[in-house]
Amino acid sequence: MFELLGIPPQVLFGQLLLGLINGSFYAVLSLGLAVIFGLLNIINFTHGAQYMLGAFGAWMLLNYLGVGYWWAVFIVPPIVGVTGIVLERVLIRRLYHLDHLYGLLLTFGLALIIVGFFRQFFGVSGLPYRPPPLLNGGYNLGFMYLPNSRAWVIVASLIVCLATWFIIEKTRLGAYLRAATENPTMVGAFGINVPLLVTLTYGFGVALAGFAGVLAAPIYAVNPNMGADLIIVVFAVVVIGGMGSILGSILTGFGLGLIEGLTRVFYPEGSAVVIFVIMALVLLVKPAGLFGRSV
Amino acid sequence: TDVKIGVLNDRSGIYADIAGEGSVIAAQMAVEDFKATDKGINVSIVSADHQNKPDVGSNIARQWYDTENVDVIADVPTSSVALAVNEITKEKNKIFLASGPASSDLTGKACSPNTVHWTYDTWALANGTGSAMVAQGGDSWFFVTADYAFGHALERDTSAVVEASGGKVLGAVRHPFPGQDFSSFLLQAQGSGAKVVGLANAGGDTINAVKQASEFGITQGGQALAALLMFINDVHALGLEVAQGLVLTGAFYWDKDDQTREFSARFQERNAGQKPSMIEAGVYASVLHYLKAVEAVGDKDAAKVMAKMKEMPTEDPLFGKGTIRADGRKLHDMYLFRVKKPDQSKAPWDYFETVATIPADKAFRPLAEGGCSLVK
Amino acid sequence: MLRFPRIRALSKPISGPDMPEVELASRPAAGPSTRPLLRVDGLQGWYGQSHVLHGVSFEVGEGEVVTLLGRNGAGKTTTLKAIMGILSRRSGSVTYDGRETIKLPSRLIAQMGIAYCPEERAIFSSLSVEENLMLPPQVRPGGLTVEQIFELFPNLKERLSSQGTKLSGGEQQMLAIGRILRTGAKLLLLDEPTEGLAPVIVQQIGRTIARLKEEGFTIVLVEQNFHFAALVADRHYVVEQGRVIDTIPNHELDANIDKLHAYLGV
Amino acid sequence: MSSGAILEATGLTKEFKGFVAISGVNLTVERGSIHALIGPNGAGKTTLFNLLTKFLQPTRGAIRYQGRDITRMQPADIARLGLVRSFQISAVFPHMTALENVRIALQRRRGDSFDFWRSEKVLSKFNSEAAALLADVGLTEFSDTRASDLSYGRKRALEIATTLALNPEMLLLDEPMAGMAQEDIERISALIRRISKNRTILMVEHNLSVVASLSNRITVLARGKVLAEGDYAAVSKDPRVIEAYIGAGHA
Amino acid sequence: MTTDTNPIAMAAITSVGAAGMPRHHLAIFAALFVFLTAAPFLLYPIFVMKVLCFALFACAFNLLLGFGGLLSFGHAAYFGMASYVSAHAAKVWGLTPELAIIAGTLVAAVLGLAIGSLAIRRHGIYFAMVTLAFAQMIYFFSLQAAFTGGEDGIQAVPRGHLFGLIDLRSSEVLYFFVLAIFFAGILLIYRIIHSPFGQVLKAIRENEPRAISLGYRVNRYKLAVFVLSATLAGVAGATKAIVFQLASLTDVYWTMSGEVVLMTLLGGMGTVFGPIVGAAVIVTMQNYLARFGDWVTIGQGIIFVVAVLSFREGIVGVLAKWIRKPL
């Protein structure tokens, strides 16, 4: 049996797989951020709170209405998306002509409010969410025991990421989106309803956050604070990938998950900083991120 | 005499559920049960949120002592804040009834003549879980440790206990704090083959780690999971499905006897259906004891009251009989609990079975070992 | 004195040797000879605080080609933007096909059948040539087919998959015009379609406009290139400081050449 | 007029990701001359300017200024050598007054102003000189007006005053007359002629009458290459220039 | 943030009075001085000292954002690290308070130089992100390094004797020491803004390429203002450690970086006095609304939203607009 740097390969595979799963969350969340930034030029600090809303949405469906996980996967993201649409219509819309800074500050404030309310009403120790029977148990892959819940995360997020990428890069709707990112006025002058497009895009980005939240509910504690620290990391992912780059955020999300996974094996103490170290390095070498278009 | 009690704790952060509004309710109940007004003691209670920030906490404490004539501060979860309040209380010569904090430094190198450390501390947790688990056959350990001073201390203390009791420590992995995903650390713990996986962390970290341990089948695989700092509310949050089999040390369980059940029922009614945590119980008992001392002294002078509190044995419905040591340590029994399986639980909050009782004289760090300057 | 290149002096009679031989429409009198399709009346427009249009009025009949002439900064582009509804603040009256559009957002104006080809071309760099071409949705039937567009601009066909902004300046201009022909819009607003283009491309655009006119399109052309304007237009409106100050039918151009020189500061 | 080359570019090439904007341009600017650069839109004039002032790094080729190789220098250092440019789009400091705009340039004479502990009063010694420069460009009455409130033409004038404040040996002006009214054009033309006495000027200009009346020498750029070079009379008759730039049908 | 998109740019200060300061500024400084001298007798001195420390921090931050046009999202690093060093110097090395503060400040300056020289090469949001990344690294360092005491922080820092002579244990005496530091700090900032250096800074913020073309090596100026800002943030952090007798993780966490942005924005960025007002409002809220738990967070969120939507110039910015004078 050979070993890599003193680590048996099966352990390494296991850790890489776990890293990839973690990367799935980064990918879905940063994808949402990238979509929103790409079209609205808003740095959506509320994203963490919206991720939390997704998890709570699943929890509420189960506990108040008895609606199970599989339904929640389809119901919750649109609902969270609608809350995003309301925010966009009522508040965010007023900031498009301003510097990024203001969008960031507004959404930061919104995040404080949303998280504050949830803490007020649901406490902070977190709530249990019982995974559906299908997600209990797991497979023994030989090199590790892979819980079904994790396998599902990886499958679901890959599907969603690919679908989003396909819609944006390969369809007519995606062409509208990309064009509107560059020059909304002209796209409007072609007869396309750009404000609606913008609203729906925000809603979609937020729905992605909600989707990640639903995925997280059976795995992590459903807790008002669950998005607060994650969001900073996800920002780093988006910046490394290149702000606004769809493919960049997906690849970087999965990639950083892997790197973080490796760090957890070789230098666990550093696993929380590694992303920031990479971000600093990347930005110093490639100012617009790995996949960003230079400005 | 007019007495003003300040309940300082976390009303918005990760400890809000184990020591937030509930602690204020517990203090009020102590005042009511003591029938203070009948005894000529006029008690008022104020409360504030320290947000787990030492500077916020110390600012409030100072302001309370300096401008609002607060005589005693109770609770204060989060060790960093408690250590700050400990210093200020000493400087201002008031009284600190520490129920919330974990750091055993409060009765060790940071000990103060003005502080009583009531409910638990890291040494007691490490000792309880470590020695009792080894005694139950859990003699090989692997730690999943939060990578900061608190986690390191828990790991260090528990390792010492485990080794002293004849067990051995196979390894440890340090995870970033706060963490959300523990899967890779748990996998490493699983790979170590240790009989006990010790979680040397707290709050959300522990909750997530336990949840994910169940996902990865750690306990089903035959390893025992020991949370070194965990509260009943955390178990409530996790649900028994996930938390079953988990082992933890505590100072109080609501379902221990009739007296605790009676108190807890009353408390639950006033606290949105939540049973008391050991910290809230500690707030109740410590305030009660303080008021008894004030009554006995007939004055609220800090030195005199403290002397009385240490001289007088404690007795309350929640912790039974006990004493307060020269270094400020309150002594009582500690318990090793195991979380029940879902089918064993008959009612909400019916979560623990008691695995072992650690007698008061064994439960806490020996007086001589703490390095407290008050101990000659 | 020569002013160049944006406003070309007209020192020779209109028909230059390098100009395309196009069938020119019969020369109408001042004012539309056909049913008026677009009527602009007292149009005012602002950029933020600065008042740029001070009451522009003119009319375009169905199937006509008119030009807006004027110095730099006279407000020609702004007029087109105001008609298209992409000027944030505007007032007055713009009726298209008898319907008032001044209060409508630009997308509804576009859906009525007006299309705009901006000065700066606005080719999207994140879209391929094909995506750029297919981007504007069809607003009504009767637009050119893709095949017809390729017939007009064969260059585009060869470069369908390359990135939009990788095209040469002339090709970008073709793409910008081509993409609005697909939509079925009947009124085309073309802002300096010849700007920065090599003369041979200018000739091609000239032929295209003549073809479009034949096909029944109505065109408002902003032009600095006077030679060019004279070849394709039925009528010229002179814009100065945000107003239309004169109207010159194309057939009276020769007679009015000195006046025009004065207007344009040549 | 002293002669000899002050600025010499050889084999200058600039590629943008596969697109060659400037290709193998050789340009020699004689000391003391007014040299004009003309050419159709997109010919590469602004790009060439950016290369000469190091706002862009050339892909190939060398630039010598006063006999010194400046190909690898930083833009700020170029300015320090006395080679100063203006911008095609007007470049002023919008929230500073006209006087302060000019003074920022005069302040350069103090060397680098890292003296954050000193009061800005030390700058008042430049006020009279700044006022004189403003007078030169006809902005006296606007000296306390914020630059953002000036009209377009006056902004251009202010920009020239600011540039002159550095007392550069050589000035690069990118379309100094763009957007100016006729009277402004005449005033600025006169100014340029006056300041050219002991300076060298390289300018991009589309206004052919200005080019004709001011410049000693003209380089015509087209598609990133030098198409023709010479004085106005020669260049304006060159058939290639007429074809690519002036256009057939024009004198 | 880049300048031309920055909607709250400072108006030019045109009329400079005899004292080198426009008269209304002189008046405000005088009023501030009188008020702050009387404050410890009217208000709780520790609270006022807290406000002063945060006000200085916000002013230092505003020097970078409002006058340098650079949005740092990691200013907690300098504030917090200085507070650790100063606490450690006073407690472990036994330095006198002024030396402890100087030690903390120096470390902040060095840190600012190191991080700044890398970060200033980037613009806009990327600059903000690079500073954030480095600040996170500093945070994790603080969490793990032995000398910071991890979660517990450095507790029981002695206030000591000023210059080895004056006992600072009395809050009133300490107060005037802090007041002196505060005034020295903001007067220095005021002077920086109105120095020849400040003029160049302003020019760079307004039009960077133009400043380059005039021969200014703008990166050196940006670095200089970055270091100055980090240093002054360090002064504030170091002083805070002495006042509260503790240094903790709160001060290096990213939320602290966010809070200082909030203070500056609320008070009015690019104004001289805005950050002071902003800091006072936020600290007061945190202090007096502490018992309301989460409602404080919600209230802060609402302030953010309202400030961004309806008074972007901040409190002082709006006032300045009313009286048509820069404040």
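Letters A, B, C, D and E mark the chains in the order given here, with residues in each chain numbered from 1 onward.
The rule is simple: a contact is a pair of C-beta atoms (placed from the backbone, for glycine too) under 8 Å apart; a residue touches a chain by one contact, two chains touch by 3 or more.
Treat the numbers as computed from the prediction; the structure is a model and nothing was measured.
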item	value
Touching both chain B and chain E (chains)	A
Remotest chain, chain C as reference, centres from CA atoms	B
Centroid spacing, where centroids are CA-atom means, of chain D and chain E in whole angstrom	42
Between chain C and chain E, centroid-to-centroid distance (C-alpha), Å	56
Whole-Å gap separating chain B and chain C, where each centre is the average of the chain's CA atoms	79
Length of the line joining the C-alpha centres of chain A and chain D, rounded to whole Å	49
For chain A, residues contacting two or more additional chains	116, 119, 269, 272-273
Per-residue overlap in chain E, given as positions that touch at least 2 other chains	140, 144, 293-294, 297
Chain B residues counted as touching two or more neighbouring chains	12, 16, 147, 176-177
Chain E contact footprint on chain D (complex, rising order)	53, 55, 74-77, 79-80, 84-87, 91-97, 100, 103-105, 107-108, 110, 112-123, 144, 146, 162, 166
In the complex with chain A, residue positions of chain C that touch it	84-86, 105-111, 115-116, 118, 122, 124-127, 131-132, 134-137, 139, 180, 183
Chain A contact footprint on chain B (complex, rising order)	12-18, 147, 173-181, 183-185, 187-188, 190-191, 203-204, 207-208, 211-212, 215-217, 233-234, 236-239, 241-242
Chain B contact footprint on chain E (complex, rising order)	44, 46-47, 50, 140, 143-144, 149-153, 155-156, 171, 240, 244-246, 248-251, 286-287, 290-294, 296-297
Chain B residues within the chain E interface of the complex	11-12, 16, 20-21, 46-51, 53-56, 58-60, 62-63, 66-67, 79-80, 83-84, 87, 103, 105, 110, 147-150, 152, 176-177
